[in-house]
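Presented sequentially are two complexes of chain A, the first with chain B as partner and the second with chain C.
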Partner chain A sequence: MDINAILISMVSMGGLGILFSAGLSIANKKLYVEEDSRIVQIADELPGANCGGCGLPGCNSFAENVVNAKIGIDGCPVSTEDAVAEIATIMGIEAVAGEKKIARIICRGGNDETAKKADYHGIQTCTAAKLMGGGEKLCNYGCLGFGECVDACPFDAIFMTENGLPEVIKDKCTGCGKCAEACPREIIEIHPISNKLFVLCKNHDAPKIARTVCTKACIGCQICVRAVDEGAMFMDNHLAKINYDVFGKHPELPTEKCSTKGLVIIEHESQPTEQISI
Partner chain B sequence: MSLLTLFISAAIVNNFVLSQFLGICPFVGVSKKVDSAISMGIAVTFVMTITAAVTFIINNFILIPFELSILQTVSFILVIASLVQLVEMFIKKMSKPLYNSLGIFLPLITTNCAIMGLALFAVQKEYSFVDGIIYAVGAGAGFTLALVIMAGIREELELAKVPKYFKGAGITMIVAGSLALAFMGFAGLI
Partner chain C sequence: MKLLSFKKGIHPKEFKYFTCNKQTEVLSIPDEVCIPLQQHIGAPCNPIVEKGDEVKTGQIIGRSESFVSSPVHSTVTGKIKTIDSYLHPAGTKTQMIKIQRTGDDDWQLLDVPKNWQLASTDELKSIVNEAGIVGLGGAAFPTHIKLAPPEEKKIDSFILNGCECEPFLTSDHRAMLEMTDEVLDGMAIIMKVLGVKKGYIGIENNKPDAISQITRKIQKSDYNFTVIPLKVKYPQGAEKMLIEAVLKRKVPTGGLPMDVGVVVNNVGTAIAVANAVIDGKPLVERIVTVSGDGVTEPKNLMTRIGTSFQKLIDECGGLKEETTTVYMGGPMMGISQWDLSVPVVKATSGIVCRTDKSTNGTSYPCIQCGTCVSACPMFLLPTKLARYSEHKLLEEANKTGILNCVECGSCAFVCPSNIPLVQWIRIGKLKVGEMVRSKN
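And now, the complex of A and B:
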């Protein structure tokens, strides 16, 4: 092959490229559509990860919808409060920042609390362990302890404690919900940060079994349900649950009555530190 | 082959979507409403027609004289990509609602194999300039026809009682398959 062929192809392709790009740049000038400058400004304030947490295809589309008032300025679950405030200034409305949400680990069955039924040596992920006879812990509802949530977190906001349970770093968590999706046991829930009272257990076993599989399990004694107002808590198959709509933000707390101390207040001033961390 | 037979052949007998299975992505993606299906069809037909004209010129006046037919695919992609950009700007300027309803499928015409296929078929079959343009218009009409039929059926399906497990993608695939079967009936017409 002689050098001419290469030269000719380079020149002809390059020429075509230049021709088309010239045409397009002229068209761009002639057919330019004036867009709302706020769309670009808002898009700059957004995280720009195109995570889809708002339910729209991406951050740009979210910005467009904000400008057209089709979605609230707090519709982005990942934005920090500062960013929401900035967007509010751009839009010229007062900031009504959405309440921050945070991931909560609804299980306290770490290695010290639950007995093992077997040693698991398979693929070290929660999903694989769940498929393989439900993992190595006796509890069929609790944390499997392989940290799939840690891998799923885009913000490095979860780590595994020495006890084999995940822990959420409050300041880093944006409440995006990726960890909750990743968890095959669904023990991670996304709650508004003002929800501070939790039954930290997902075990539906009958009292006798629940007591044997984990020392921190909810044994379904119903003391808490009887202690609060009607409808504020309820039993779901041997597991106490909280009805946050009815409960209100500052309820009378029956935590000291819980026989396995699974019912806890998180981040409450008057609580001893042992109960503050999860 | 007369121009009419060429047109009917491209539009119905060798329908790009339902007989040759090219350009399936917008066929499923933009066939929810008849309105946007028609607009998408027109956009694709426009891009196809101009592509056929421009690629004919490039092929016969640049690629063949300089013996550069290896660069066919590359140069055709260049043509298609620029044209789609142009159409996108044009639609954005002329009709914002249409631009929004076509959404991501408009830039995706760039990678639509129906258009690339058309450009390559026209070269392969050694059509003349006029033949090529009629072929492109026919192919575009066939694409529009397939999209509109599909959209019409899917609009009716919204009201029909579809078994729970077939809802959504499932019934769409079944309908697409039945349509393709129906178009098999035209085989051998020309």
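And now, the complex of A and C:
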């Protein structure tokens, strides 16, 4: 082959390369956009999952808003305390200690506990089942068991147990609230981690019906409400509820007498023993 | 002559032969009725009676102050047993009033003028409201609201919907044959209230006996209605399709029939209006078709509202052993039931029992054949909408017009991959609706 052809192409391509790189470097200088370096630094501290838990489109947008003082430094529900402290240092302000939040599943009606009313063959998501007469289980308030919360979790912190109930992995959960948003039955609640006492039921049925739909339903017997100080717990249409403001961070079980053992203290979250794919 | 119709749509098997030639039988009045406080679109009623009260047939037992609502009446003479939540055929538990019958009917009738032709429109409208009349075709929209269109909407035509395009159902067909006078009187009353001169009766061509009977009666009377035979096609009985077929008018996207100057009512509704205005009888009973291959002896039954499905099915000889599904309404838009203790409501046009084994719900990937697109009478893209809904792309779904879907089920019916398109679209509609509301 003619050596000239190779040389000419090398020179011409090389020349073009030099020309364009010069153009780009000039453009870089001329059109440089001044960006606050803190935005990048803060974005580095954030989880980077773009979960939207802060109410903004993503982590970068959150960082921008922090720098522009449109949102507090603790506005990200997902960030760890260390990260918040780090962001505070970047911004040159003092960090306010925020409490870690965690998702709690307020239902214990798995496949074993609830009565089944019919076979459901439709789309296997909770919203679809809810629209089609409320899914397979007889309970009109409890978990539907199709795992829409599992799909919604950006941190893989929820899995379905074999019993058909979602379970939260404590260490992975960041309390972003995506699962609670996804749940059509609203049985997932975001609580500060120090709230340990729960009535794990959402059933408002009258006692007679509640017993028939689920073995672990709150039957509204009011034993717990009577056992605590006035105002600490209350009844809401056949369902016992806890007023955390009055109750404080009481770690003790007010009564052992809960007939369905639905009033519990959650201490440890179990790790996934066997993950079931959905 | 070429029959009128709308564009697109589908041709499901009719299965009308089960009951179309059977005279309507009157079901004996049940000993116990369970009357839901919500049987209509709009705000649920509040009970105005208490446990232990004596009620007469036709007495109002629940009403609401809200504008979009309709009162409910006791359908037997008896004593209020309980007011509690029971299962509704729509699938969820709602507040219902259970009444124990104590004796024969003791009617509490409405105050009606001697001659409705001389009555004022306001008077007629209030009778329709007090009688608890809602659209009996299935949607159960309160009729008195349809009869009171806003001032700026000029209504020039009225269409009576006698299509009954759902397979199996024959309650409207039998009503047109057996209660022709009431149908025509009811239609005349509605037209007087609306102040329209042009009245059309749209009937699908698979009911030639009803078409000829109504034409004959019109000729004998002074009414000047036009009977329009329509092509047999689903969903011919959907309001927007019917208007397109009869008047060649297109209801605009997101609009109502009144936007093109039309009001549509069902045959059953016209009968209820006639009974209320002429006899003073509130809406306490309706014809329910019990049909399908899953029931021993299919029948048309004149039934009190609040009667349990079980009683109707027992009257028809019970379910066959191989029955797999029971729907309220037709197989296209009906709601499958899991408990037969649910009561007949105002919108129960039929109970269809099937022995279909193909309801296992297995669906296959979309093969992009476009059959659903050529079936959709609303000119939507069902496959695209379903996929947007599946992947939660709500903005796109909204732009593609998901809210215009009338949930007729044509797309899912023709889908060769058995994809539950309507179910996905319903989920999408729910979420898009929430999104649009939160934005406003």
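By definition in this document, the second predicted complex is superposed on the first by the 202 of 278 C-alpha atoms of A that agree within 3 Å, B and C clash if a C-alpha of one lies under 4 Å from a C-alpha of the other, contacts with A are read in each partner's own complex, and residues count from 1 in each chain.
Following the convention adopted for this analysis, contacts are C-beta pairs under 8 Å (C-beta built on N, C-alpha and C of every residue); 3 or more make two chains touch, one makes a residue touch a chain.
Note that the structure is predicted; figures quoted are calculated from it, not measured.
Participant: Is A:20 in contact with chain B, with chain C, with both, or with neither (first, second, both, neither)?
Facilitator: The answer is first: A:20 touches chain B but not chain C.
Participant: In the superposed arrangement, which partner chain does A:28 touch: chain B (first), chain C (second), both, or neither?
Facilitator: First partner only.
Participant: Is A:121 in contact with chain B, with chain C, with both, or with neither (first, second, both, neither)?
Facilitator: Only chain C; A:121 stays clear of chain B.
Participant: Residues on chain A in contact with chain B in one complex and with chain C in the other?
Facilitator: Residues common to the chain A contacts of chain C and of chain B do not exist here, since the sets are disjoint.
Participant: Going by the contact rule at the top, pick out the chain A residues touching chain B in the complex.
Facilitator: Touching chain B: residues 5, 8-9, 12-13, 16-17, 20-21, 23-24, 27-28, 31-33, 57 of chain A.
Participant: For the complex, give me every residue of chain B touching chain A.
Facilitator: It comes out as residues 58, 62-63, 66-68, 71, 74-75, 78-79, 82, 85-86, 89-90, 92-93, 96, 104.
Participant: Can you name the residues of chain C that touch chain A in the complex?
Facilitator: 84, 90-93, 335-336, 338-339, 359-361, 420, 423-424, 426-427, 430-431
Participant: Taking the complex as given, what residues does chain A use to touch chain C?
Facilitator: 117-118, 121-123, 125, 127-128, 131-134, 140, 206
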